[in-house]
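This report refers to the structure that appears directly beneath it.
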Amino acid sequence: MKYVTTINDKEFEIEIVDDHHIRIGDRLLAVDFESVSGQPVFSLILDGKSYESYVYQGDEDWQVLLRGQQFQVKIEDEREKRLKSAAGGGVAEGGEFHLKAPMPGLVVSILVEEGQEIKKGQVMLILESMKMQNELKAPRDGTMGRIRVKAGESVEQKQALLSIH
Amino acid sequence: MKYVTTINDKEFEIEIVDDHHIRIGDRLLAVDFESVSGQPVFSLILDGKSYESYVYQGDEDWQVLLRGQQFQVKIEDEREKRLKSAAGGGVAEGGEFHLKAPMPGLVVSILVEEGQEIKKGQVMLILESMKMQNELKAPRDGTMGRIRVKAGESVEQKQALLSIH
Amino acid sequence: MFNKVLIANRGEIAVRIIRACRELGIQTVAVFSEADRNALHVRYGDEAYLLGPAPSRESYLRADKILDIAQKSGADAIHPGYGFLAEREDFAAKCAELNINFIGPKPSSIAAMGDKGKARATVIKAGVPVVPGTEAVGNMTDDDLLKIAPTVGFPLLIKATAGGGGKGMREVKSLEEMPTLLQSARREAESAFGDGNVYLEKLVEGARHIEFQIMADSFGNVIHLGERECSIQRRHQKLLEEAPSPFLDDELREKMGSVAVKAAQAVDYVNAGTIEFLVDKDRNFYFLEMNTRLQVEHPVTEMVTGVDIVAEQIRVARGRQLSYSQEQIQFKGHAIECRVNAEDPFNNFMPSTGRITHSILPTGPGVRVDTGVYPGFEITPYYDPMIAKLIVWGETRAQAILRMRRALEEYRIVGVRTNIPFHQTLMDSHRFMGGQFDTRFVEERFSMEAASETEDKQAEIAAILATLVAHKQTERSAQIVRRNERDASNWKWVGRWERMHR
Amino acid sequence: MFNKVLIANRGEIAVRIIRACRELGIQTVAVFSEADRNALHVRYGDEAYLLGPAPSRESYLRADKILDIAQKSGADAIHPGYGFLAEREDFAAKCAELNINFIGPKPSSIAAMGDKGKARATVIKAGVPVVPGTEAVGNMTDDDLLKIAPTVGFPLLIKATAGGGGKGMREVKSLEEMPTLLQSARREAESAFGDGNVYLEKLVEGARHIEFQIMADSFGNVIHLGERECSIQRRHQKLLEEAPSPFLDDELREKMGSVAVKAAQAVDYVNAGTIEFLVDKDRNFYFLEMNTRLQVEHPVTEMVTGVDIVAEQIRVARGRQLSYSQEQIQFKGHAIECRVNAEDPFNNFMPSTGRITHSILPTGPGVRVDTGVYPGFEITPYYDPMIAKLIVWGETRAQAILRMRRALEEYRIVGVRTNIPFHQTLMDSHRFMGGQFDTRFVEERFSMEAASETEDKQAEIAAILATLVAHKQTERSAQIVRRNERDASNWKWVGRWERMHR
């Protein structure tokens, strides 16, 4: 199986040759790869070098935490990738964004209004949790859609808070 | 549900009243009882006193390891106990005893022969494991039955080694 | 002399205090909220009593219930830890009334240091330097403050009189922006402390936050255990502390130490306390406030002095003299503490909740971990996000940094995100290694981005790891699909039966 | 000067050495058997290479493979740890041949101390007292030994010349029983060491086993780091060690220390080593043997001296001078180490294997755990049963005992049985607390039975706990039966279909 794996616009072509070998570019490497205690912690011995890492699956990408650094990793299998580029590539940038509560907490204040134009990075809502006030920011420019919560309201984790068009 | 629980010939009559109360003798006690992380480790708050203990189930009894002491505990529900005493009580002492390997290892030597009379505490077999030579002793007097292994043989955990009549 | 101590706290500090009691042969009473039934302090305490629902105000802040439990259980002393009721004069007073030994200072000392304005006035009288500002105690109007501001000089800080933790604090660069900032500071202070009073303080630029640990007994003996460097902060929350401060020499240490002792004596202090100072680039130091309780970061002092501060608190509270004279306090080596918080440093330090499914603690020579969590424990949103303190000792600061680096690399916590990567990045920062930082360092001159040469080398490894995990997952789900196909066969079979017999 | 160290070992000591290397900025190469792929030393090493199948002789004893890996990976030094290849003269010599730095003494020192007879002769020449016995080196016949025995005096010990760990050792009470015991000792020595040579030694009664830690550099500097009390043993296996020994005073310490230094100098010793002594009731001390390697129990010395012995080993092997002179070695407080073994103290210390499913380490002030295991790790029967070393430090011996007691109480390991309850019982023993014990104490005067008053109080709690667990289990199995009934319904339904349409 061949994959095209992308980190920060840099592409790696990685082929899983068999259980103990991969090919990256034209280098054949010996791998010994184990999950630790059934957890999302992985031990990799790659040509004798020993690495350990947390690997989490996100909605669209993978996060790899390795020696204090975090990498956002996109993985496509080659076939998938070819299909996509044949189709003209590029997912639509727009679409609705739904802000969900990243943790349970109390909505302290809402700093935007429905219909308002907002900028990427703008603080939309303050959520108090673990004695901290956490600012939830807009991930991109857009127009505020529906706001589903009120200041003073307690919310559950993953509860929908508001949307951006 | 009522139980008769025995430790070293001492009987305790313990009634599970509801999820948060037991009666022992004529004392009603508040209990708050939890397994820790789904392990055989249990946290008990009994009338405000906090205890923690390992509780293991053996073949016939329970083992409780509490603050460095181990207790062999026999538990019968009241009905069971009544039935047994009605039937005349007392399980037969005899019967065949099968010695199983308590761990994987190497049989170093066998110090008994089939048909031999043996005494309780007599060393029957030496099993090497973890660089240690472990003496396996007779749990009671008897006659050696079949010996199923030879010196020099590797054995798996729980493999039958020999029997005593 | 008391023999049973109720610990009016939770988390690592409750565990820390239980340990000290156990090592002194003293019985312990734990209290817990509904969220904490399985917490370590409940499991380790000799006794444990439920306080109420998870929110602090219904549990750990319920002074009345805690005092009830103390009386019911026969606890003749209470250790408040830090936070919650630790600096509540009324609680300490109530303990005294009920003949329960409060392991901490007298209520009058808490009161004297609790009001920041009053505290400033008190220590000024004792000859302790303070940051220039408004000295008057209590109710200054906005007009008063605006009038006095130019004499203090800009930039300055508006601070809440009842304050702490950066709440109600505003930085003011000019007179023009001051009225708005005054209002918002008062609003925040009002909502956080029920007290909208504020005062002004000159903003000391490039300042370090350095504090002195004090111990005092009831016979009038007061000593200091040296300083802690606490300048590594984010949003006024300390993240890392060390002892000694790379910025102090013996002369300055002695000078500040004796001033700290003087400040404590000014409020007739007993038990453990901390005098916080700001130190500017030119080594001028200013009293900031006194924390009239045990600090989170007390272990770094324990590591370099060998003094068990909690045990010493208990001895002093039992009416004994201090075990050490000032001369007997010797400093050896260097200690660093990293606060391990359940928050994601790659996502704006967002708190992270969830069940810890797996954990491997760093251990070995010179490493100490103070924690209240373990695999299977649930991190809830009700309390502060600190889940462990990782403390190391080394013969030198450089050795301590190298040791901390390896300990951070070893630490595994699965189930919640932690700020361990923040500390790892910090340990690699040249400015930190060089001891060149002030309280603005983390917010203004620090980035989680690694040097790009390191990043490039590791990116390929990260790519391989993610691909291997993704591949395994694809394989596994393929198997599950196949298994489900088999499992579904009963139903298919039923379906066939239906058709056959229709 | 080397920059990459291969660690020819496993378990806690491999982890300990990796930590020291990492803190010195040195790259590490781990080696592992098939049973140890997931071991901590493999996970923590910078590189890791498979040696072979689980049994030691096919993996950790394969000197050839280890040297191959060292060359292949570019490791320019090897740390052997303890056990396995640590005291193999030929291995150390082979390293030297291949230009690989062996972190330990010269091959000649290993050889000189490896043959117990030769070692005795060597140190006697240097004026070191030894237990009276047969001084001749090498091959004494049974006849020779039987002739010489009465001059040594009974009781005496037959010991294997190549010996260690009590193998080939026999206690002889009279001349009559000696021939038989000679034969069995020779047989055991032959099978354990491939060398049936034995010698005689007077049995010192009521003896304590006390050893001195030595450090020497290649410039002829030799110092000692004080003693360790190791009398708590069972079947010649140490179970607990402490520093200092409650039996020694400063005068005796200085005397024994300088003798220990002399013994090390007699074999031109370099790096870390240990001189073991027997000390009788009257404070006479006798050289027993020298261990030419790092000891399991080195941490207690680290805790009381502040010296990182493994880091110091590496420095010395890198050709540096010792970091300390004898005068700079100061002793502070008291340290105790408990060896936590996977064995059941309630079942004749039977080794216990299995997967560790859960673990909570004791932490907090003055506690150190050196371990190579973690939740999810499998304890196999291939290696020795020690899974962790729990080490505590206290200002006094009494404080260290109290701290050890609380640490043992906190330690949770689920999945294998451990000897933690043995240590708990030991900590409660009055004789241990009083420091009144010798090497026979555990076997002859110690019992796992608790004082009956304690037992009675706890029995009721144990009864309640077991009953609650049994009750929950009964309830749960009832639920499973009910659930299974529901699950089976598909099939019942199929059955009904069949009948309906028959």
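Order of writing sets the labels: A, B, C and D. Residues in every chain begin at 1.
In this section, a residue touches a chain if its C-beta (ideal position, glycine included) is under 8 Å from a C-beta of that chain, and two chains touch if they have at least 3 such contacts.
It should be emphasised that the depicted structure is a prediction, and the values quoted were computed from it without experimental measurement.
Undergrad: Quick one: point me to the chain whose Cα centre is farthest from that of subunit C.
TA: Farthest chain from subunit C, going by C-alpha centroids: B.
Undergrad: Go through B-D and B-C and name the pair with more C-beta contacts between its chains.
TA: B-D
Undergrad: Using mean CA coordinates as chain centres, what's the subunit A-subunit C distance in Å?
TA: Taking the mean C-alpha position of each chain, the two centres sit 30 Å apart.
Undergrad: Calculate how many whole Å lie between the centre of subunit B and the centre of subunit C, each centre taken as the average of the chain's C-alpha atoms.
TA: Centres of subunit B and subunit C (C-alpha means) sit 47 Å apart.
Undergrad: Nearest whole angstrom, what separates the Cα centre of subunit C from the Cα centre of subunit D?
TA: It comes to 39 Å between the two C-alpha centres.
Undergrad: Can you list the residues of subunit D that touch 2 or more other chains?
TA: 44, 358, 374-376, 409
Undergrad: Quick one: which residues in subunit A touch 2 or more of the other chains?
TA: Subunit A, residues with two or more chain partners: 36-37, 39.
Undergrad: Quick check: in the complex, which residue numbers of subunit A touch subunit D?
TA: My answer: residues 32, 34, 36-39, 43, 45, 48-50, 52.
Undergrad: Could you list, by residue number, the parts of subunit D that touch subunit B in their complex?
TA: Result: residues 342-343, 346-348, 350-353, 357-358, 381-385, 408-409, 412, 414, 420-421, 424-425, 428, 450, 454-455, 458-474 of subunit D touch subunit B.
Undergrad: Taking the touch rule as given, give the residues of subunit A at its contact with subunit C in the complex, in rising order.
TA: Residues of subunit A touching subunit C: 1, 3, 5, 7-8, 10, 12, 14, 16, 22, 24, 31, 33, 35-37, 39-42, 44, 46, 51, 53-55, 57, 62-71, 73, 75, 102-105, 129-132, 134-135, 137, 157.
Undergrad: Inside the complex, what are the residues of subunit C that reach subunit B?
TA: 30, 37-38, 42-50, 73, 374-377
Undergrad: Residues of subunit C touching subunit D in their complex?
TA: 15-16, 19-20, 22-25, 40, 44, 299, 302, 306, 308, 332-333, 358-361, 363-371, 374-376, 394-395, 399, 402-403, 405-406, 409-410, 490-491, 493-494, 497-498, 500-501
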